[in-house]
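Each structure below appears as structure tokens.
Across the two complexes that follow, chain A remains constant while its partner is chain B and subsequently chain C.
Right after this comes the complex of A and B.
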């Protein structure tokens, strides 16, 4: 797969279709990959990787990259193409300046997931698609790949590419059986007090590093309200810790109807807060009250919250669901 | 050297916490280690290190500096400091322990930061030697011995015993506080453990990274290097590296309008943020390249320039495992080192 990807990138660079390639670069360890832009065949040969460790979503980088001179080739995994579409729809990516190659994905291995299994001192990992061999300072281990996936991949919604100019590898299907709302349902079944305790427990770990916001493809405001010293709610830690908890709820509301459920927020959180659950709750509610909707599935449909139909639920829905209790 | 059986650790914690507030690394609901106030039932974590560093105890993320109350034309200034009670932090690793001496060089020089100084004065640091370093550890590069941590008192867990020895007067006080639980012991098991740990340390992937480039070349050469652009290319400008870092010390001071007065607090700041050091006159660093460069120039050039060649990094490895896009200080050091 990696070889095919590099070869195609070289061809497109050579024939002048593109002048840059956005992809992933090897890190200090085989499992820590960094998004990077490559401009020559030599650079591609030296550092480019596409393997089971390329979790970072490249779509958001295109907001800036698509405004630079010349056309850029980007490799997008199925989930990344949803973010891409959504950004095209919002006119944040200049589509004509990007050449998209969809790359097959069977889920990405997450070092944090592996470490949580008590495996220490990981010096390298290799995946053959079925199993992951983990080399550590304290011996080698083999785990089925399915047990090493990050949250976003373990509850993947779709292996189908929704935007591309060409594909390398097979296209998959939307997973109708996806278990992505399972934990949300558990939270819904809790009493308000239990739910409050759950979220206070999770969100109280927040250090306001803004990694979730900065990595989020739905957060592309030129200047965030939380960065504005005059807003009274500027970033960094607030005087009252409850405000930091509110930050995430406000942010989740802000991206409602635009969040494609790419899962990057939870992947990058240094405190391992399951932020995606907030987004999934809103996605689930939208599906229920406005009809099934997947942000980023296309570039033309109107989002439920930007559109009015007679079928929309009334504001009183909050009360009829016990929101006043 | 004193020791007590590991099974009796709870008794030791109980005895300490009867006298002072005690914090230990314990596993949270998220299965990661966090410093937690000890109470019955809280167990010492087996994790190598906590997600956040131990700097929180002396330089918390937010500190309420003072309050202002306004009545008519009078403004009342209220000093609401409460850090006047002694406390113990147990289980601090060698890297975090060294970070305190780095922070001391910032906060305890004239003009002394009284908030930090008070906390340092009241805190006793009891360290715990590492036995299973992670692949991201590189404290050895900065002359830190993970197997023999500094601190007021140092501990080793070996062969079913907790071994403890005092390094300072505060450490001696700590040991005398729990002396009824301890027995005198030889240091054979500790020495054996030090050897075993040293062997692992020598195999760490970042054990021999070379930082000499940053001391041999001039500030401007490094500052003006072309490397920064490529290194910072993927940086998303979040504050993860700075907030998990035990030595990052920059802060901002803000006023919070409580409706009937002002709460003046300081909060960790991050050089990665777009409004870092922004003043009425403007922003000295308008691009992410400049902000990214600032962080590493500070740790690898400015800080050692001002502090007898000591780097502003302790090699704890938190930034390496936490960066959303896997860019870190080791990659910076290696990139510059390679061009030599």
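Right after this comes the complex of A and C.
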């Protein structure tokens, strides 16, 4: 797969279709890949990787990259194409400046999942597609790949590419059976007090590193409200620790109806806070109130919260009048 | 430095009765920035306004907070006062301590505390107010009337009389509405058609009036003075320009068994029809649900017999876009469905009819040519029972809680006319109350009882059971005699409640006009602005605003026309300066605001920006057209980055208000 990807990238560079390639290269560890832009065949040969560790979603980088001189080649996994579409819809990515190649994905390995299994001192990992071999300071371990997937891949919603100019590998299907709302349902079943405790337990670990915001493809504002001095909340000293937690709730509201559920927020959180659950709750609510909607499935449909129809419900009123449910 | 004056109004005892106004004035006087805080009996009075003006001048106030009634009541008044004293009118804030405080609280201590909080909130807002200047927008000198019943007709005629163009959009193939189906009108008993049809003809002939019959309003955009409506002219498969209304097609059409809605299904018409002889426009319409040619491609009789060559089986729905300065809702009413009232056996017996069906049975153009005959066997009925309030004043939930207002009078009319024409008929009227306010109305009812011997019985009919021999057994209670009655009736007439036409809800949504829980349009003020909707430029005519009889409808229709004329006579309107604006430095160009804007006020442009790293970048940013923006604020909420903000209601001001409430 990696070879096919590199070869195609070289071809497109050589024939002048594109002048840059956005992809992944190995970071500090072999399992910790990082997004990168390549401008020559040499650079591609030296550093480009596409393997079971290439979890980062490249779509957001196109906001800036697509505004630069010349056309850019980007490799997108199925879930990344949803973010891509959403950003095209919001006019954040200039579609004509991007050449998209959809790449097949069978789920990505996440070191955090492996660590949570009690495996410590990991030095490197490699995957043959079936099993993942983990090299640690204390010897090697082998786990089936299915047990090492990150949260976003374990509950993958779709293996279908919704935007591409060409494909390498096979295109998959939307997973109608996806269990992605299972945990949300458990949270909904809790009493308000239990739920409050759950979220306080999770969110109080937040160190406000802003990684979730910075990686989120829905958070592409020129200036985030949390950085805007006019908003009245920028750099404000928190009155209590709960106020700090509001950051995540506000952020989830800001991306409601635009979040494609790519799961990057949870993947990058250094404190392992399951932030995607907030977004999934809103996605689930939107589906319930306004009918199934998948942000980024296309570039033309009107988002339920940005559109009015005669049939729209008013959740608060519907409930009090005993309707709809 | 702010110098804010606070003025607390007693509103007589409206506010002072439940709120300690002295305490409010005293507490608000201690707020930062407040230099004066006083209370007065009626702030809106001449003396009250002078008090405000003097304070502004003498104390050099920069902002004014008035604690009084709803801003919908007197905001304009106080803005004018401020402007007259030389400060910007938008430096005035109203704290609503009447509707939102004194009227809804009983406990004085609670109400006073809340009034102080509301006042403090307004102070927090006014400190962030900025002077605003209004712009002007032009007025399209044409009105749109939705609905061509007597209300719409009268409004249109009056507007046209004043010299302005009017378009009537009527969903049926003729104008005239419900009044065309009524036989005679109370209290003078003149024939409805005789007084209505000349008005219909006037509409058709008036060069200022344009009738879109068999048409519906599809969408409306814009704002007061500058609406654009998309009108759908439904395909009638007849070229209206060619059709002469000769009616030959309606006699030759072989499809004879189409229920005639004009006679409420009590007889049949053809698949091509003209609803009645005096229809305006007198143009045939093909009913696509029944026409063989349209359904199966076989027949074509009407095209063969039409000498004018007007039949066009390929006609499509046509759309017209027109601009209007004012829009009138005159969508009218319908009797309610009686499916929830099976105790009256309406669905079981043909001889249980509604009052509107009774009108058709007594009308010369009706199914019986004006002979009062039982629908089941064509015999003269000898005992007739009228039941009033079927679904009106019904708090059980199956009907309507309101009084339909017209039933008492038309039932008296029906009873009287029956006794007049068929003196051998026994007529019973069951009522809860007989309500006859109106000129010559009570006299009319008394005549029915005293001169015509109609048996008025206070009480409700409990059950109507059809018997095998065709008689209807009516069980009822006479509340005055305190006895149960069993009447063998030949005909039972139900005075069904009336409700707004089903199309009214979607019209209201299109016009962003508000409705009450019964789907009647709400007026801007129930007493003082009864023909205007709260949405500027949208006016109300006829029963769509509330139940009315014909005289009242016509009076209101003319009042509505007067308001429309008042608007159309202006060359320019002062715009609301509280409009949205976008901060280009924050705007992402994501189009969220454009998608929620109901007025189409937002466009985008690519602009060059100097970036912090000294490069130049081209970014897509939103632009608001202030002449089109109505300041609804939808965009400010949709904007993910906070780039959109509203003059006069900025995000900062609203947050300051929230903070003041939570303090």
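Structural remarks
To be clear about the criterion, the second predicted complex is superposed on the first by the 309 of 325 C-alpha atoms of A that agree within 3 Å, B and C clash if a C-alpha of one lies under 4 Å from a C-alpha of the other, contacts with A are read in each partner's own complex, and residues count from 1 in each chain.
Throughout what follows, a contact is a pair of C-beta atoms (placed from the backbone, for glycine too) under 8 Å apart; a residue touches a chain by one contact, two chains touch by 3 or more.
What you see is a predicted model, and the numbers here were worked out from it, not measured in a lab.
With chain A as the common reference, chain B sits beside chain C without any clash. In the superposition on chain A, contact is made by A:307 with chain C only, not with chain B.
Of the two partner chains, chain B and chain C are each touched by A:232.
Working from the superposition on chain A, the chain A vertex angle toward chain B and chain C, CA centres, sits at 120° in steps of 10. More residues of chain A lie in touch with B than with the remaining chain of the pair chain B and chain C. In the superposition on chain A, A:138 makes contact with chain B only, not with chain C. Contact with neither chain B nor chain C is seen for A:46 once the two complexes are overlaid on the shared chain. Within the superposed three-chain model, A:27 lies in touch with chain B and out of touch with chain C [touch as defined at top]. Of the two partner chains, chain C is the only one that A:92 touches; chain B does not reach it.
Of the two partner chains, neither chain B nor chain C is touched by A:167. Closest approach of chain B to chain C, taken over C-alpha atoms in the A-based superposition, is 5 Å.
Shared contact residues on chain A (touching chain B in one structure, chain C in the other): 223, 232.
Per the touch definition, chain C reaches chain A in the complex via residues 506, 509, 583, 585-592, 595-596, 598, 604, 617-620, 638, 640-643, 651-652, 655. Residues 67, 90-92, 220-225, 228, 230-232, 254-255, 258, 302-303, 305-308, 310 of chain A touch chain C in their complex.
On chain A, the positions that touch chain B within their shared complex are 27-29, 32-37, 56, 61, 111-112, 116, 120-123, 136-138, 201-202, 205, 207-211, 213-215, 223, 227, 229, 232, 234-240, 264, 267-268, 270-272. Chain B makes touch with chain A in their complex at residues 28-32, 34, 48, 51-52, 61-62, 64, 132-135, 200, 203-206, 233-234, 236-240, 242-244, 252, 254, 256-257, 263, 265, 267-270, 273-275, 278, 320-322, 324-328, 330-331, 334.
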